[in-house]
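What follows is a short report on a single structure.
The chains carry the letters A, B, C and D, assigned in the order they are written, with residues numbered from 1 in each.
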Amino acid sequence: MSNNDSIKVGVIGATGYTGSELLRLLLRHPQVELTVVTSRSEAGVALSDYWPNLRGECDLSFTAPSASELTAACDLVFFATPHAVSMHMMRELMAMDVRVIDLSADFRLQDIPQWEAWYGEKHACPELVEQAVYGLPEVNRDNIRDAQLLACPGCYPTSVQLGFLPLLENNLIHTDSLIANSASGVSGAGRQAKVANLFSEMSDNYKAYAVAGHRHLPEIEQGLNAAADTKVTLTFVPHLLPIIRGIHSTLYCKPKDMSVDFQALFEQRFANEPFVDVLPAGVYPETRSVKGTNHCRISVQPVDGSEMLVVLVVEDNLLKGAAGQAVQAMNIMYKWQETLGLRDIALMP
Amino acid sequence: MSNNDSIKVGVIGATGYTGSELLRLLLRHPQVELTVVTSRSEAGVALSDYWPNLRGECDLSFTAPSASELTAACDLVFFATPHAVSMHMMRELMAMDVRVIDLSADFRLQDIPQWEAWYGEKHACPELVEQAVYGLPEVNRDNIRDAQLLACPGCYPTSVQLGFLPLLENNLIHTDSLIANSASGVSGAGRQAKVANLFSEMSDNYKAYAVAGHRHLPEIEQGLNAAADTKVTLTFVPHLLPIIRGIHSTLYCKPKDMSVDFQALFEQRFANEPFVDVLPAGVYPETRSVKGTNHCRISVQPVDGSEMLVVLVVEDNLLKGAAGQAVQAMNIMYKWQETLGLRDIALMP
Amino acid sequence: MSNNDSIKVGVIGATGYTGSELLRLLLRHPQVELTVVTSRSEAGVALSDYWPNLRGECDLSFTAPSASELTAACDLVFFATPHAVSMHMMRELMAMDVRVIDLSADFRLQDIPQWEAWYGEKHACPELVEQAVYGLPEVNRDNIRDAQLLACPGCYPTSVQLGFLPLLENNLIHTDSLIANSASGVSGAGRQAKVANLFSEMSDNYKAYAVAGHRHLPEIEQGLNAAADTKVTLTFVPHLLPIIRGIHSTLYCKPKDMSVDFQALFEQRFANEPFVDVLPAGVYPETRSVKGTNHCRISVQPVDGSEMLVVLVVEDNLLKGAAGQAVQAMNIMYKWQETLGLRDIALMP
Amino acid sequence: MSNNDSIKVGVIGATGYTGSELLRLLLRHPQVELTVVTSRSEAGVALSDYWPNLRGECDLSFTAPSASELTAACDLVFFATPHAVSMHMMRELMAMDVRVIDLSADFRLQDIPQWEAWYGEKHACPELVEQAVYGLPEVNRDNIRDAQLLACPGCYPTSVQLGFLPLLENNLIHTDSLIANSASGVSGAGRQAKVANLFSEMSDNYKAYAVAGHRHLPEIEQGLNAAADTKVTLTFVPHLLPIIRGIHSTLYCKPKDMSVDFQALFEQRFANEPFVDVLPAGVYPETRSVKGTNHCRISVQPVDGSEMLVVLVVEDNLLKGAAGQAVQAMNIMYKWQETLGLRDIALMP
């Protein structure tokens, strides 16, 4: 499965849903040799016993290597850990010349006091935050290419940024009242054993949460501010959907001029993006159509009579919102074709 | 099950989901004797064969009576038909002195050209539209009491109106940019055999629809305009949820003054409403908590930093959004306790 | 809500799903005054804060009373606790002349070594097991009437016993190869925070479990042996369904004589049972049709060519499989109408 | 995507779920060039407009070619049509030297009167039935290799045959009382617009159907009889699961000798089968673990005390139960690696 140009890859913390998805992608990637998968709690357990979908696909077991053992075995390390883990290992890894793609939140926010306020603890290596590259290819492809430390964007932030980007970059909307009404599948809440995430609590149900403020808000604003080159004001309301995977963001904004051809604007902005698909006018995206793929689908719909523009964005929160985006970034970092290992077609139905 | 004050009730068209729910409520209502249930296509079929939940609960069969047979057997007639049915029978029924509660859309819109534009046909008895009473108890209780022809509100319109009412009635928000981001369970799409509503299409999926315009928009605007005593501008985006029942509306608006105590405002506005429950500050509603009940639950949440007010509203689309609201109106029309026959507690889980 | 004949009722341990359902039923029961609801972990918390469906329905809070405080406030006490709780309090309660309905497994099995083997601990008051009455009304109504200590049957055992009873009582089938292929909704697994019960694990999935042996097997066999008046041999395979509520048992057995009119047999056996509904020949039950109700529905289907008889049984695991059955038993114990407080019609859809 | 050895492939009738899945597989198959996809009702519609998952994956549109146009453009033709379609075209196709893989039921049953009884019409080309090869690789690989007309097995039959095969081939069980208790996801019912298949009818529900007899029964018996080399007696009860994809068969049988090492027997029987995975003793399969893959997973569990053997089998009804099996057969027919184009790993979660 590997060849001369292939790299050795390790995954730290693959006992959660993001890690599971990352393993699936890496095991099928033609340029990757998966060499190490770590977990302190599951050390010694075969991956294929822990994740039933991996039976017959992989002979590795979870291990708990030292940093030097890890870097000796890997060209590239992914973190699929909860927040506040990678920042404690990053200094050592950076010194060892390994490249890192961090799927956690530790290096996404450039504003360290803000990070510390939302995550409730001191940042362990603030000096590395500045050199971390934010891994959203659609805005940062050139920087990704040479990143040593890549901070992979969050799931909600990816969908909201992609939907607002063409508008903000071109200064076409009022920036004082953006709204992102987002809904996520339950896998976004992770694999922790919590009553709130039980089948009997989440099934046959729908609700908003964190309306007064969500950890992903500053990350989204950081990206929107950069695109707009000014401070935007966003109201972000996340909701929980009774589906496993999928994010749907319904974005609302006020154009300065309703006569702009927004359809053309979006089509041109993403014309060369392999994973952003602008749907024809009047066609709206659905979460199932991108499930299991790295695609993001976008519709843009001016609303007659209200001077409002609605943008609809769907993605798979575990792919374009996490593991898929990480593999896309890896492809860029190693100058491979950007779609390599990411060409699955969604199941229908 | 009936007594001296009980009335005889007929239901026209109980082969859909709204009709099913109405039958369930009427069969348990202590003042109601269900005498006639009509269906041309199912005439002769026992209700308990058509609706498996009614086995052992009811001996009636569907019939196809003439208008005079119908009114001879009923004090009150409910229409649980698709649009453009009741308007063809209403003139005759009104002349026969029977009272009517129409759960369909035929008499909701006072603006007849608007009705004709959205429903694509000529209205069959425009002269009766004006005398129809819009059956939202929270704004129209006094008129409901004496109504002969009651137009029961739509499911989306109920949730959106209840959420904006306290704000518009008191002139507290800017009316040029209201947003209603609503999500409905699939039963709202009815019981028609359509590929789009199959389990394999709707399950594990989420999407927006009718973004450019939905039939419920003019009904919502009619109510909001009346509450505001001015023309409001609303953007309404409905979505389809993979649940059977439930509507969740997430409303966005700009207060004129953020220092208003919105929590107290909502609590006072609905203090005497038996079916509107304003949740404590910081608690958000979920659709399952009102499933199978006539309750509407509302949260109001100012969003720091964005000068935006978010209102969250949930209801069961088949109860407070249809059959439950109709029974509530009946209770008012007959001066019974307003909660009669509507005291079920939601299943949990 | 109460009257002269009403009784004071306490519930021990209402923080799980069985307890939730029991509270819903008791709060609507016309002869019951709910006086005490206990929970050590939630003492002081309002029931309506813990269970969102109870907002506006109940002013009680969880408490942690002593046994004497409890019995002073109650005529009847329900246990809705995990196994191995009630047996530690039962001696004291029995001495205080209170009546008890135990929804847990502690007093269901007459064979104490068998109980100890399956539940992995010593039984705390074996001397009370013999006087406990097994609360399946369809076989034990007379004994239930005077019970002081009632052991409420498990969810799987109720469905399997009801389906085999008419056959075994009349010695019509071979007893050496009974099969019960059962499937349960996830609420049957309780409200514990376990990874295996997360939405993302259970949704969109189906599997068998405990194939080699399940704790409910000896309870089922105890009942079948009594009905047959001989030792039967049963293979019981439970499965987990991606629904919240509902048990469906598909039973297989070999009649001694295929020419028996099994349809008539079942109809006669349950003719006077208010909560067992034998469906017409060729009509099969579905779990949704009994959801939220205390009804059990049964079909019996001889299979041409295989000399096999198939019996299909559905119930709501939290009602006829737990809390509903407990209320039915209470109605019998207090000589009330057996259906009192149990007349809800299932939602459709 | 194609190379020197690649073949040109057509699909007849790809507007249903089996067709959708087949298109997904063929578009990613390295040896296949998809040249024609036919549909009379959708002629002219782009595949990527009809199936939203195919946007950007395929430029073809549905066409309605004549038989000669079709065979001119194809080396191999798949039928993904309802029953009673392919038999009307087969004589012409066979004469034109094209190879055919038929996913419908038309050529599965060798007993033509039986086929006519179950499908309610006269078979249009009985003389071709005998030369049709039944495409279950695990029993018929050698014949598949040279087939011109391949009849792809049904979804239930695949799971039931694979589970009983090792036992029947070795004469290890009593053949007079086999039981297959199967449960299928809703996609198995196809994409027809029927009320019974609506989300609001199938969701949150579970039921048996066709208990008295199902069209797949004779196909299953044909295979079991062949394996046993005697007439077996099977009771087959299918159920409907509220999931989109997946079949779970729970098989019951009586071994002649319980001391046989059934685990070893199954492991050896399927040791060289790329798509049959015998799970370790005590581990049971779940439908999600094979969703989207061509794998079948099997557990075998003797039940202490009942002298019964339980076999559990899962597959994706649209893959190993339909389109995946068809592609596996194609790989065999063209001497390619049997797993080509079938190496996807299931999503988890």
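What we mean here is this: a contact is a pair of C-beta atoms (placed from the backbone, for glycine too) under 8 Å apart; a residue touches a chain by one contact, two chains touch by 3 or more.
Keep in mind the model is a prediction, meaning the values are calculated, not measured.
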Completion exercise
Common contacts of chain C and chain D, by label, are A, B
Completion exercise
For the copies chain B and chain C, the interface residues, called same if over half of the numbers are used by both and different if under half, are same
Practice task
Give the label of the chain whose average Cα location is farthest from that of chain D.
Solution key: B
Exercise for the section: Measure off the straight-line distance from the CA centroid of chain A to the CA centroid of chain C, and report it in whole Å. Expected result: 46
Practice task
Mind checking the centre-to-centre distance between chain B and chain C? Centres are C-alpha means, answer in whole Å.
Solution key: 37
Practice task
Starting from the mean Cα coordinates of chain A and chain B, work out the distance between those two points in Å.
Solution key: 40
Exercise for the section: Note the residues in chain A that touch 2 or more other chains, in rising order. Expected result: 17, 187, 200-201, 204, 242-244, 286, 291, 349
Practice task
Over in the complex, which chain A residues touch chain C? Could you list them?
Solution key: 17, 186-187, 191, 193-195, 197-204, 242-244
Practice task
Please name which positions on chain A make contact with chain D in the complex.
Solution key: 17, 20-21, 24, 27-28, 51-57, 187, 204, 244-245, 277, 279, 286, 289, 291-292, 343-349
Practice task
Within their complex, state which residues of chain B touch chain A.
Solution key: 177, 179, 181, 183, 200-201, 204-209, 211-213, 233-235, 237, 239, 241-244, 246, 248, 250, 252, 254, 282, 284-288, 291, 299, 301, 303-308, 310, 312, 314, 349
